[in-house]
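So that you can tell them apart, the chains are marked A, B, C, D and E in the order they are listed, and the count of residues begins at 1 in each.
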Amino acid sequence: MFGLEKKDATLLLLVAALTIFAPFLLNPFPEGSAMAQFNAGYPDLMQRFVIFGIFAIGFNILFGLTGYLSFGHAAFLGVGSYAAVWMFKLLSMNVLPAILLAVVMSGLFALLIGYISLRRSGIYFSILTLAFAQMMFALAYSVLTPITGGETGLQLALSDPRILDGGTADGNLPVPGLFGLEMRDSAQLELGAWVFTFNIGYYFCAIVMLLAFYLAIRIFRSPFGMMLRAIKSNQQRLNYTGLNPKPYTLAAFVISGMYAGLAGALMASMDPLAGAERMFWTASGEVVLMTILGGVGTLIGPVLGAGAIKYMENIISKINSDILHGWFAFLPDGLEDFIVAVIYPFIGKGWHLTLGLIFMAVVIFLPGGLVEGGQRIARAFRRKKPDTPKSAKTEPAE
Amino acid sequence: MDALILQILNGLDKGSAYALIALGLTLIFGTLGVVNFAHGALFMIGAFCAVTLNRLFNLSHEVEVPGETDFLGNPLMRDVPYLYDIVGESAGAAIIDWSVPLAILFAIPIMIIVGVIMERGLIKHFYKRPHADQILVTFGLAIVLQEIIKYYYGANPIPTPAPDAFRGSFDFGAMIGFDPNTIIYPYWRLVYFCFSVVIIGAVFAFLQFTTFGMVVRAGMADRETVGLLGIDIDKRFTIMFGLAAAVAGLAGVMYTPINSPNYHMGMDFLVLSFVVVVVGGMGSLPGAVLAGFLLGILESFASMREVINFVPGINQVIIYLVAIIILLTRPRGLMGRKGVMED
Amino acid sequence: MNVRPDFSKNANMAETAPAFLSVWDMHSYYGESYIVQGISFNVHEGEILALLGRNGAGKTTTLRSIARLDNPQVQRGEIWLDHAPLHTMKAHQAAVNGLGLVPEDRRIIPGLTVEENLKLAQIQPPIGWSLERLYELFPRLGERRLQEGVTLSGGEQQMLSIARALARDIKVLLLDEPYEGLAPVIVDEIEKTLRHIKEQGMTTIIVEQNAVRALQLADRAVILDTGSIVFDGSAAEVLENESLRAEYLAI
Amino acid sequence: ASHSGFTNAPGDSTVTLGFNVPQTGPYADEGADELRAYELAVEHLNGGGDGGMLPTFSSKALDGTGILGRKVEYVTGDTQTKSDAARASAKSMIEKDGAIMITGGSSSGVAVAVQALCQEAGVIFMAGLTHSNDTTGKDKRANGFRHFFNSYMSGAALAPILADNYGNDRKAYHLTADYNWGYTTEEAVRNSTEALGWETVAAVKTPLTQTDFSSYIAPVLQSGADVLVLNHYGGNMVNSLTNAVQFGLRDKQVNGKNFEIIVPLYSRLMAKGAGANVKGIFGSTNWHWSLQDEGSKAFVKSFGTKYGFPPSQAAHTCYVQTLLYADAVTRAGSFNPCAVVEALEGFEFDGLGNGPTLYRAEDHQCFKDVLVVKGKENPTSEFDLLEIVEVTPRDQVTYDPSIFGGELGTCNPGA
Amino acid sequence: MGILEVKDVGKRFGGLKALSDVNLSVKENSCHAIIGPNGAGKSTLLNCLVGKLIPDTGSVMFDGQSVLGRSPHEINQMGISRVFQTPEIFADLTVFENMMIPLFAKRDGAYRLHAYESVSNERALIEEAERMLDDVNMLDKRHMHSASMSRGDKRRLEMAMCLVQNPKLLLLDEPTAGMARADTNNTIDLLKEIKAKRDITIAIIEHDMHVVFSLADRITVLAQGTPLVEDAPENIKGHPKVQEAYLGETH
């Protein structure tokens, strides 16, 4: 199907189903219930899931396949965002030209930075990419304020030209859209105590993500993808086999930079503001962590990793002691206070602590990331057969 | 001219901070081959050893101040450290005043213990794992350590001054024949510079004049074979880790009077110290030190207003710009060894 | 004092003399794959044992298991060397107890010179041959002492690897394909050296594809096939038994 | 969810406010204090506690029964002091929790970004701690309001005091954080001091991420300047001030005068970070707990009793903003943002700590007295770090709304 | 005029003269063996041919073109493939994938962005790869992760990877070292067969005289960086200088 092998096609369909039904799946708890706090099915977060999914998928094409660890990929996300917002300001609120320019611009930046950085490998490459991204961040935050909006970020203004749309009539800013469909428009469905929100922006991003995911599968299974894995494995052999690793790695770098730019453009399309901190090293580090957390070099891993981190950031950070007390109100007072006191450091302003612990737990217990966790669960279910061929394991030598 | 000397002095001082942190980092990162994102956290914990000792000395009971009220109109309470009760007020005050230097003694065992626990409990299992896994686990650890400190000490910086004897500055310019007030230099920074020279020297001597260094280098290149030669490399890696943690911690202790410590000071230094180590060249201690001083001095030059006016924003990017230039002209940084973290 | 278990139930070990190195019912795995599938054999003091078999038979795996390296994992079995239970030890402890392995890919340590590679072997006692004596045996290494070990030619590296094992005071020497990549003259020389070492009482296990050469040197031979022992007997027997040679060694 | 013509119209029993403050990152302590103030405000609005400033507030619309009879509930979020994260958090409050008003923040970048978001989403934004001229200047929005003062007012309030204390013939050296707030603050202080006859010798921009300022401080003496102005805030300010004192600048004599340091914007939390280094250093602040008017006293008492220490200026402005919003809704009789905007525009009030105050209609900026403070020489407690030198009257800091440009646009009630 | 002409090549490493005045001419479609003691410079010479090292002096012409200054992949594209002394394979890839990469390189050149096609659609190449694997008796291992093969198998794989490119000149650096006798014989047969079937020139470095004498049309003996003798195999065996420097008494 779609030129994919059965296994890959199944994965694609699964991901498609998950994204289409996300508004249901992510809102399992009835509105107003104590657990509703854990619902993630609101437009902004769902959009973030898929957008960061795209970012991580692209990053994984470089890191997962070639092993080149870029520590400055957020720079391309930033470039994409700025390009998109400028497009909104100058040309039109239609998202397509914005996305197009963003992908082209980030591709050009990636070509330049990649061309230079790929002259080195290993940690030296990582530091080169980091240095470029940090320079771009610093300049965007200060010296380039007229172009980037500096600390505040690049915003739309009532006085923007917007050549294709004409000026802004009423006193409010226009919203990004796709030929009349406004990205922020939503429909709501109430089913008993449940409320589900279907947002145009989300579905737009989801479709783009599915395309990006499909493309990533194709790349993974292509001769090009195989060359990239060969680069990771043994560049020396590749050289003596008559292949030039440089253009391959550069192509991977540019492709993943364009994915980042695409993600940046989508972020700007959902929320037309581009801030410099999107390019800070912690943002680059975040995509690295997403990829590793999910599973380096796996197709679906980075998407899972992105989802996990964004969920923590947006859901766990919002739980405050008031909500905690609400949950445990049924307990006797002393016990309630005790439990709240025990949990409190891990939620709300302590969400970083939980994040750190999860990072550690995942690498320690699931060396292959979340994907490995999934595989183990799957294996546990499949291996219901009685015979375990491990008789030799009974008596360890040490 | 005097402006240049001034910036060289500043650069040396900034550089000694970079060099010291990079030294500890390169012991772990360049030598043991572990990408330790928790190194900044070790630096931070060192600084908080000083804060903690200061707090311990300041453990107090309250005494009512007659005739005065606090902001709610209640009688004003004044804190009197128990230390005053034990050794008398003037001696107590002197001890508190000297808490940063005293914290060196306090920090050494603590940092070694922290380092050893960290290595035995966690890092040990990651020597053979991919760098990506090391990044994730040490980054997670760094966040956890940071959050623990934040939980107990808050997010605000905590002033931890140097002893009174080292406050203020001396006029270095006047000493070498320039106009007064052209080249001034704070006493504590001189102390910091000397301190880092001593520590760097000590670490070098330890690794240069003992076979320990050779064994560790060999163990990093090929653990298995070193084991075949009867050497328990794990033990030495643990020692190395403890040593690196102590170096990072001492850098942190001594840094507290320069900038009030806060829980994220380690993260602030982290990226920079990686840049320093890599520019110095992987696996090279002298490289790390050299790069530390070089980048410190260049950063100081770039912050001169004559330079900024000439190239706006240069002070923002100088370190990265220099890093790029060096890495492009010298494939393995200043003094890197071949094959260390090149793939 | 450790006591060696009684292995007399094993039919392959009918010899009367007490064994110096005993491997008893050893099972080794690389992860999930089951490679060495329960082998037992003895080596007597001062003896040279040839361990033979095709590519992938499990020879290297056997040696690595005895040397207690992390990979493969020995999941069952006992290994005793001169009354010391190696199976309870880690590689470095086994080495201190007198085990010396010359690994198949030589494993010269990058970043160290020839001499440093040798010195490294003498950090942890017991110490064996002196550097002078080693350079006497391998003059080529003496000439190249300050060169980085990994830039030596293939044959030179092999010499360094053997020299490094001898630099320690070992009780048993495990050689994984020591002749590989060596010029015939050198092979002769190394063979001479091995005889020389044997004369001094060294116990040796040698894995070698050049079976004839190995058998000429060895007292006894063990042949492995897919992780199991298919022959355990005197070296001369293998040289004589044509069908055995044809079936397992293709010679 | 109901179709009332504006975003997140509350139900009949409760109304949800969104408190968006930095909970992680360098401003986390400031954020925590803001959050305490919000919780206190909610308590008072719902009729709990001692009522705080409700009794002293000149408008008597609020009666402790929530807002328009609805119990006040709130959700919290973490801005991380990043505009992206702050917007994400605000969006989740609006989209998921149905918050009708967003308030908080500890930096102008965040305030401007979240204010723009609220404008688009059709909810009211009551800014927390933001001091840049831009928030109600070039980036002002119809749905956004600021109670806190700004750089311009700091400059206007400080200059006369500086002239009184240090004379009219001074040479100033500025170190300025290299971002929007830094630029506006430097400009404000420069303009107002130069108007009094000071000369600006140099102005050097320092990177926001800088931690060691030695190389910026060291050349100051050489330049012939006799005053150093640190246009820094937060960690930057703590470090640059500590470094400056370390270099012994304050012990020096230049041009026959004592060398002086000025920190245009003070906060008690930052002063605490800098420790003894702040002693005797002038700066400005929006509010201080030692003020003796009835409103301030009531607030300090109520906050201090609950939490055991006096509130910071950040806590004060956040508390006041919440009350002002609730009051505006009550007076308007509607939660519709446009009605709230109308009720707040041009609103004159008193009793909330800064004397008579005007919410100016043209730019949604509050005009009130500004405090000039100085680091205290002999603090009696760890909170007693600043002393009030002067309360600059509101007229002296009022400016023409058109000078910073920008357009309010029209109020947006959303859908 | 041979297909490969090496003229006056010299190479130094610091103070060490690894090669000096090497002249060599390899005739098209012949098999030229280079033998010599360890450290004689054989591998160094090979490195100079494939662009890994650049000689200090002299010239190297292949098929009428100079190879000096070209990068390894360009030299490969000219038709030179090389087997290394220690196996160089794509350890993270399966055996099958290891075979596909040289085939792509041959068909598509040094670089082609084929990111949207699928490997599994390349029927022709897959068949070719499988045929080659069959030739080296590794078809049953095609889905194996190549890192987990024994060393002899890795060596065979590497050879197959080179052969499948159908090079004009095949450089073999000890291709049968560590290979079981049976496989060594197979390899000899394979090389013979390939030589018979295709137009291929082979230059081989080998210490196994059985292999050398079975394959070589001509032999160069290298010692201390310079050719000692060059002659037909039958003349080499008895050559006294060669015996002394290289073969030793057993041959």
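What we mean here is this: a residue touches a chain if its C-beta (ideal position, glycine included) is under 8 Å from a C-beta of that chain, and two chains touch if they have at least 3 such contacts.
A quick note: this is a predicted structure, and the numbers were derived from the prediction, not measured.
Student: Enumerate, in label order, the chains that touch chain D and chain E alike.
Tutor: In this structure, the chains that contact chain E and also chain D are A.
Student: Tell me, please, which chain's centre (mean of its C-alpha atoms) is farthest from the centre of chain E?
Tutor: D
Student: Farthest chain from chain C, comparing Cα centres?
Tutor: D
Student: From the mean C-alpha coordinate of chain B to that of chain D, what's the distance rounded to whole Å?
Tutor: Spacing between the chain centres: roughly 34 Å.
Student: Using mean CA coordinates as chain centres, what's the gap between chain C and chain D in Å?
Tutor: 77
Student: Give, as an integer number of Å, the spacing between the C-alpha centres of chain C and chain A.
Tutor: 52
Student: Distance from the CA centroid of chain A to that of chain B, rounded to the nearest Å?
Tutor: 34
Student: Multi-chain contacts in chain D: which residues touch at least two other chains?
Tutor: Residues 28, 32, 178, 205, 207, 209 of chain D each touch two or more of the other chains.
Student: Which parts of chain B, given as residue numbers and ranges, touch two or more other chains?
Tutor: Answer for chain B, listing residues that touch two or more other chains: 313, 316.
Student: Quick check on the complex: what are the chain C residues that touch chain E?
Tutor: 30, 33, 53-56, 60, 104-105, 140, 147, 151-156, 158-159, 177, 180-189, 209-211, 249-251
Student: Mind listing the chain A positions that touch chain D in their complex?
Tutor: Interface residues on chain A, with respect to chain D: 39, 42-45, 48, 138, 141-143, 145, 150-153, 155-156, 158-159, 170-173, 175, 184, 188, 190, 195, 197, 271, 273, 275, 277-278, 313-314, 317-318, 320, 322, 348-349, 351-352.
Student: Looking at the complex, which residues from chain B come into contact with chain D?
Tutor: Counting only chain B, the residues touching chain D are 2-3, 6-7, 9-11, 13-14, 17, 65, 68, 70-72, 76, 78, 150, 154-159, 161, 167-169, 181-182, 184-186, 188-189, 257-260, 262, 264-265, 268-269, 299-300, 303-305, 308, 313, 315-316.
Student: Which positions of chain B touch chain A when the two form their complex?
Tutor: So the residues of chain B in touch with chain A come to 35, 122, 125-126, 129-133, 135-137, 139-144, 146-148, 151, 271, 274-275, 278-279, 282, 312-313, 316-317, 319-321, 323-324, 327-328, 331-333, 336, 341-343.
Student: Inside the complex, what are the residues of chain D that reach chain A?
Tutor: Going by the criterion above, the answer is residues 1, 23-24, 28, 31-32, 39, 74-78, 82-85, 87-89, 91-92, 95-96, 107-109, 112-113, 116-117, 119-120, 134, 139, 142, 178-181, 205, 207-209, 407-410, 412.
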